[in-house]
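Let me begin by presenting the structure, written as structure tokens, before commenting on it.
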Amino acid sequence: MTLLTVENLTVAFPGRSGTVNAIEDVSLSVSPGEILGMVGESGAGKSMTGAAIIGLIEPPGRIAAGEIRLEGQRIDTLRPDEMRRIRGRRIGAIFQDPLTSLNPVLTVGEQLIETIQTHLKLSKDEARARAIDWLRRVGIPAPEARIDTYPHQYSGGMRQRVVIALALCAEPRLVIADEPTTALDVSVQAQIIALLRKLARETGVAVILVTHDMGVIAETADRVAVMYAGRIVEVGPVAEVLTAPRHPYTRGLMASIPRIGARPDVLPQIEGAMPRPHARPAGCAFAPRCPVRIEICGQTRPDLTGHATRSVACHLSEEVPA
Amino acid sequence: MTDPILTVTGLKKTFDLSQPFLTRLTQGGGRKYVHAVDGVDFTIPRGTTLSLVGESGCGKSTVAKLLMGLTQPSAGSIRFDGHELAGTRAGQPPAVRRRMQMIFQDPYASLNPRWRVARIIGEPMKSFGTHPDPVARRKEVDRLLEFVGLSAADGEKFPHEFSGGQRQRISIARAISTKPEFLVCDEPTSALDVSVQAQILNLMRELQRELGLTYLFISHDLAVVNYISDQIGVMYLGRLVELAPADRIFAAPQHPYTRLLLDTVPDITMAHRDMDRPAGEVPNPITPPSGCHFHPRCPLANERCRAEAPVFRAHGDSQVRCHAVQEGRTDPMPLRKAG
Amino acid sequence: MTDTTQIKTTPSALTRLWNSDVAWNFRRSWTARISSVLILILFAAALFAPLLATQNPYDISQLFLLDSELPPAWIEGGDPRYFLGTDEQARDLYSSILYGLRLSLIVGFASVALAAVVGISLGLLGGFVGGMVDGAIMRVADILLSFPAILVALLVNGIARGVLPPERHADAAIWVLILAIGLTNWVQYARTVRGSTMVERQKEYVQAARINGVSGMGIMLQHILPNVLGPVLVIATINLGMAVLTEATLSFLGVGMPATQPSLGTLIRIGNEYLFSGIWWVVIFPSVVLVALVLAVNLLGDWLRDALNPKLR
């Protein structure tokens, strides 16, 4: 049974030179307790997909096609006030910058207790006990004392732990984590990744982890969806996609990441840059940069096809050796 | 290790973060200082790359600014090819400063948005007087644009018409326009996407080979540093804690902090998921821990580490600032405990 | 190695302006279009006042006292030669308004220009140099801001009147007004420019210029100035409305333009004295023009502020 299904989602932004599709025809599903990584370059549409699921697309952007279902219920057509109830209660959110996610004039405890009481039927004392428990679970030392302190009294890593507690305290079924480790130092980043994994396993919450960092995906996700120019080009279990990528973009991307231990004379690189949304070519958006393109790639857009767990959007997906 | 082009000794930079005098008088509180760079020594041989790595607040970017004269050192010496630069301002003396250039982290902020690309690239040549004639200068700009992989026609455009990777190429073209010998690169790829990062790193390597450039490369990404460096210096709270040839850092890291950094690099081979993560964060640099700054996070710390700051001392091919290494207390087995 | 190979001739400045976001926004905004048409009409009227006017209100030989206090042409007792009627000195109101508009706009533009030049220079200097220079400039600005602008203008005016011999007052009035209004309005420019300068100063392109030995003056004028002018344009537009109003207020209070060279404010003052004797047109028509001018300028300024701020779009 899947928790979330997204089908043929298209998000459009009307602009000066006509309507631009930030994401096109995106389909994915998430099971309970699963961590789905969404990876791609800036502008690939990974954050937009997360924002669409959580109902936070900035106007004038809108969902132009497709549907989003959470536990079978359509949520893309809900009114804003109905969506607000779902946010927090059933879908939590973790953003990149912990400072902007927390209210600086309220103590950490006040924010947690308010969120808990908004969504769960608990007394003030119960909610406070629950809040302390959450702070402990996300690894805040001495939570009984620190619950009454303000966000600025926490370090960057501790703040992001509080944000995670805030996202999880109403016991949502799904959490969208948009670049949750990007603003943190590398040593802290590793701790937050480990914490996310641990909590997903313990609580059974599903996580959509949006990031540009393949390393974070490798360390955290169960499955990964690779996005390019507004579309998913490859989906599959993390181990398979990372060790045996099948889309030429994924392969190029994996090869171009510098690794510890290997010191090649020249790093493999993908020529060119991802097209901007209003300048996407007809056919496959990756074709102009693709080292193995054939004639049809410039004319027809390949669909995301595959079997069971692996899907690839490439005309050559059958011929390309895994 | 012959022919050093840059020698830095005892480099220090202290920032005064004290409240204004009157506020201190009325509200109490003493003077507050941050030792952003606290006694750094290194030498870069001509034509090689030294990388400085560390987490935010370790002082690596301040070192870059000190070398370029963007901020003045509190103590220490910066000798560039025999010229003492400590105490001189950015761009002074022109004959020496022309030979040092810098590439910045943010390709969106490092190019003046109101200037055309040709003017941006031509500015150093005009200012340092290497190409005073506008026509010759424009010809050189066109050559540089093509050299970094853009076209001469791009000189008429404005920076916003380019992608992040292309802007970084423009930045590089500007930096090499005065035929420098030494480039300071402050996180030149950290704002770029991975597939573009490889293009820029390759371009930088190519330039080094063709022009014989020397790099000081600043980064927080050990994997990037591994690709580009000959020597690597690891910084923690203003001090170099380990300086070693690049392959030694990865094969036989000495300092416990170096080991921690290597442990925390996310690994795309997924070999280490679910392993225990090193705890703790970088302390506030205004109130650094006593003795060795790293001791609160160090598994090898003892009384001596808490009381006495270790000195920077050669240890095999490496130089290390650690009592445990110098006393032979480290366990020789490297890093990773399997998960 | 190129990311894209675009072979495109560089568009001219005019094409770029036409294609810019602001121009696109302008073409879609009714407010912007209507207010700028109105402004253009009023500017043209002021510019070509000598051609459009039926008489020169400054020339006493053209005034016929018999024709004084005539109502507008379409009202009984009106005279077709005086479309909007005449005042108590038999001046044609239509012509007076054209000339008055002209004076109001001259004072407005000149004082805005003065305030902008002073404010931008001081703001740029303070923001870039910092320290004591900055402190001194900003303290003066603070002091100036703690007086109502009209009070400062009255003060400047009073000093000028005290210093100059009485027979020069009428000639000097316009210069005194420009100086008084200009000197009260520079603070806003200085603060805005100082703020943006302090942001720009930290940016890496400024560091790059310093590394390349560009002088402080070169960095300020060539690098930072072009990047801080956007908000100044908005302030200048809105300030034009304010300046015209201040001029009108001063003239209404009797310390601005003399009755022999009436600006819109002077006309309103004169008209105000006759309002209760039923001569309403002398006060109403100049007021309508003044309101229309200030409203149009403010609407355009508001639109410009929004159009230049990408976050509000």
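Chains here go by letter, A, B and C, matching the order in which they are written, and residues are numbered from 1 within each.
Keep this in mind: a residue touches a chain if its C-beta (ideal position, glycine included) is under 8 Å from a C-beta of that chain, and two chains touch if they have at least 3 such contacts.
Just so we're clear, the structure is a prediction, and the values are computed from it rather than from any experiment.
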Chains touching both chain A and chain C, listed by label: B
Between the pairs A-B and B-C, the one where more C-beta pairs touch: A-B
For chain B paired with chain C, centre-to-centre distance based on mean C-alpha positions, whole Å: 51
Inter-chain centre distance, chain A versus chain B - centres from mean C-alpha coordinates, in Å: 31
Multi-partner residues of chain A (at least 2 other chains): 271, 273
Where chain B touches two or more other chains, by residue: 163, 165-166, 199
Shared interface positions of chain C, touching two or more other chains: 1-3
Touch list for chain B against partner chain C, complex: 65, 68-70, 90-92, 94, 97, 100-102, 104-106, 109-114, 120, 123-124, 127-128, 148-151, 153, 156-157, 162-163, 165-166, 174, 178, 199, 203
Complex interface listing, chain A residues touching chain B: 41-42, 155-158, 185-191, 193-194, 197, 212-216, 218-220, 238-239, 242-243, 252-254, 256-261, 263-271, 273-274
Interface residues, chain B side, partner chain A - complex: 55-56, 163-166, 193-199, 201-202, 205, 220-224, 226-227, 246-247, 250, 260-270, 272-274, 277-282
Complex contacts: residues of chain C adjacent to chain B: 1-3, 5-8, 10, 203-205, 207-214, 223, 226-227
